[in-house]
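Chain naming follows the written order as A, B and C, and within any one chain the residues start at number 1.
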Amino acid sequence: MANKDYAQALATLLEEVRATRPLVHQITNYVSVNDCANVVLAIGGAPVMADETEEVAEMVALASALVLNIGTLNRRIIDTMLLAGRRANELGKPIILDPVGAGATRLRTDTARLLQRELKLAVIRGNASEVSALVGEVGTTRGVDASGVEANVEGVARRLAATSGAVVAVTGAIDVIATEEQLLKVANGHPMLTRITGTGCMATALVGAFCGVTDDYALAAAAGLTCLGLAGERAAAVHGGTGSFRAALIDAISLLSAADISDGARVYAG
Amino acid sequence: MANKDYAQALATLLEEVRATRPLVHQITNYVSVNDCANVVLAIGGAPVMADETEEVAEMVALASALVLNIGTLNRRIIDTMLLAGRRANELGKPIILDPVGAGATRLRTDTARLLQRELKLAVIRGNASEVSALVGEVGTTRGVDASGVEANVEGVARRLAATSGAVVAVTGAIDVIATEEQLLKVANGHPMLTRITGTGCMATALVGAFCGVTDDYALAAAAGLTCLGLAGERAAAVHGGTGSFRAALIDAISLLSAADISDGARVYAG
Amino acid sequence: MANKDYAQALATLLEEVRATRPLVHQITNYVSVNDCANVVLAIGGAPVMADETEEVAEMVALASALVLNIGTLNRRIIDTMLLAGRRANELGKPIILDPVGAGATRLRTDTARLLQRELKLAVIRGNASEVSALVGEVGTTRGVDASGVEANVEGVARRLAATSGAVVAVTGAIDVIATEEQLLKVANGHPMLTRITGTGCMATALVGAFCGVTDDYALAAAAGLTCLGLAGERAAAVHGGTGSFRAALIDAISLLSAADISDGARVYAG
């Protein structure tokens, strides 16, 4: 596709989300959970959070996509994620994994790998360090921050895509989206997105909403990252501190139109 | 009462909340918990969250009302809710139940029914689907969203009020508040309230604050829903996206005066 | 130090935080956790939340400071806090304790005392009631609110500092910071800070960021409380309701400059 065609395809996906309102089941961390619910509503989807083993199989059956985010992990939640994920796979619902902090602790690295091994994932969305940890590279994850390894991002993303079969979306100054066959890049975004908590989680939640309306998960990943990036650019133009940036970011997502995307998306084949 | 008298009675209740600052103990979900704390502060009450079995009996003894919200349920929390609820009943403190997502999964439906059966509730606040699930109607809860069944709301609300002995407050385009004997309606509100997460939970938290200052729980329910509805109208007038709507909503609650309510409340006997 | 010298020392500490970006590991409550992450980012640090026993020892090794906040306690978290705290002590990393609601329930009082007894704490940051509960005074904690006992704040703070060896920072209209030898007071702040949830937790998180860059924990405590107080003054000047105050508060923290502190800090030896 030409770049203009990508932008048009993403714009069409946004209209699809607004028209069909996909339900996105999220098993996620308690730090950014409210923002993750609000961005799914803002883009036009419907969020539901449920993390008890007794109910997740039923809930995922109602949903169009399942987001697994390991930002505040505990033993109970790991079991729940596996259970929900297996049911999602049985039902053919897309699973989006956010391996928050993989590489920082053994529990996070092991859990991210476990989920990747046991489940068929549609998309893995992380930063360079987290994605590197999943392919066994010695990254330097510092808390939940990206660092080091950025140079080799494309190679790592391609490798993880090949071994996992998932679309691998690595966010950074330029976002990289890899499948076994193709590479997409998204150049939208703004440094202010690194100054509030949970923007990575929000990106993943948005990707979840788009995976709820298409089988082209690479395009869905591009749509989620483009929407967050574009909204970040607009929110940064408000010129306040980080508190009003957060509100402005969700404002911008809720106000994004298909035309905004076809005009503003900077997506190209890599 | 004439409609003007209701508005006046609600205005007086607001002054009561501001004067006495009731402590509202909430055992609630981790998605909207911060907003639920902030709306209780905004209306003039004091929030406290505590969900460990070892401490809830003591905490509820300090509180003026107990809110039970099943939005992100797990086994531990169900036990805690029963324990806190029984203690509240012993002490004569009002319990307000928010059966989030009842009808969507068996765990939620069963838990909502269990709490209703085992505890004497002051108010049940839900949407049409959730309340229908409590009376055994086959609703179509989609995640935590209202849908279907709206037409029959009054009948369902009356039936649940009769069987439970609680005031039943069903939020929707027009809110319905039912007891065995009376029916109240609240016409305040705005569609923007459906575009951010947790406004149902916030409504319930506000009802909790008002139940902390009066034994007339139908009036307390009307007060909570009127305040949220009025604040929603004002926040919508700000004309931003959903991120600034959320801040504007809490602003409006914190700035509501008794005169705003006596002038703006649209409450009438059904 | 003269007062002007304190202000200058705090300004220098802010520059240090911005330059070195200390990682602050927080085991905290789910009510204010998002704000606690965002204020650490706003001041220039990096937050990470992790509360599973299997990973906290590893995570605290990556961090520059550990914050323990008992706002929504459960058995699992108490074990985690002890484990993380012991590892922090072994590694010489500062621990900052926020005994939210100590005095309100036995579990909270006992847990705060347990943590204080078992761990070497750098700073204890609470309100007058909470700190009184730690020294065994019969305070009247009403939920998580300060009340009573304010008069004797300095005496209580000094006593707890002497028995615990920690810096004791008591927030109120005038904040009191006590060590065995010295007493500091911070007169920055605004009553609006009491009208949103979690400002106490945010103060503690900020103190955590400053403890990550200096061994002078009394100065770090003064820096955290001064920054929150100054930001509260600026946010209150925005003149909205409590929803926009919250965003304006985080804005103001993110926009604070070293010059703002050297000009605006009202810190003096007691």
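Following the convention adopted for this analysis, a contact is a pair of C-beta atoms (placed from the backbone, for glycine too) under 8 Å apart; a residue touches a chain by one contact, two chains touch by 3 or more.
What you see is a predicted model, and the numbers here were worked out from it, not measured in a lab.
Here chain A and chain B face each other with different sets of residues for the most part; under half of the interface numbers are shared between them. These two copies of the sequence, chain A and chain C, are related by a rotation of 120 degrees on CA atoms, to the nearest 5.
The distance from the centre of chain A to the centre of chain B, each centre being the mean of the chain's C-alpha atoms, comes to 33 Å.
Residue numbers of chain B whose C-beta contacts span two or more other chains: 30, 34, 246-247. Those residues of chain A that touch chain C in the complex are listed here as 29-32, 34-35, 71-75, 101, 104-108, 142-145, 195-198, 240-244, 246-247. Across the interface of their complex, chain A is touched by residues 23, 25, 30, 33-34, 37-38, 41-42, 46-52, 54-55, 58-59, 62-63, 76, 246-255 of chain C.
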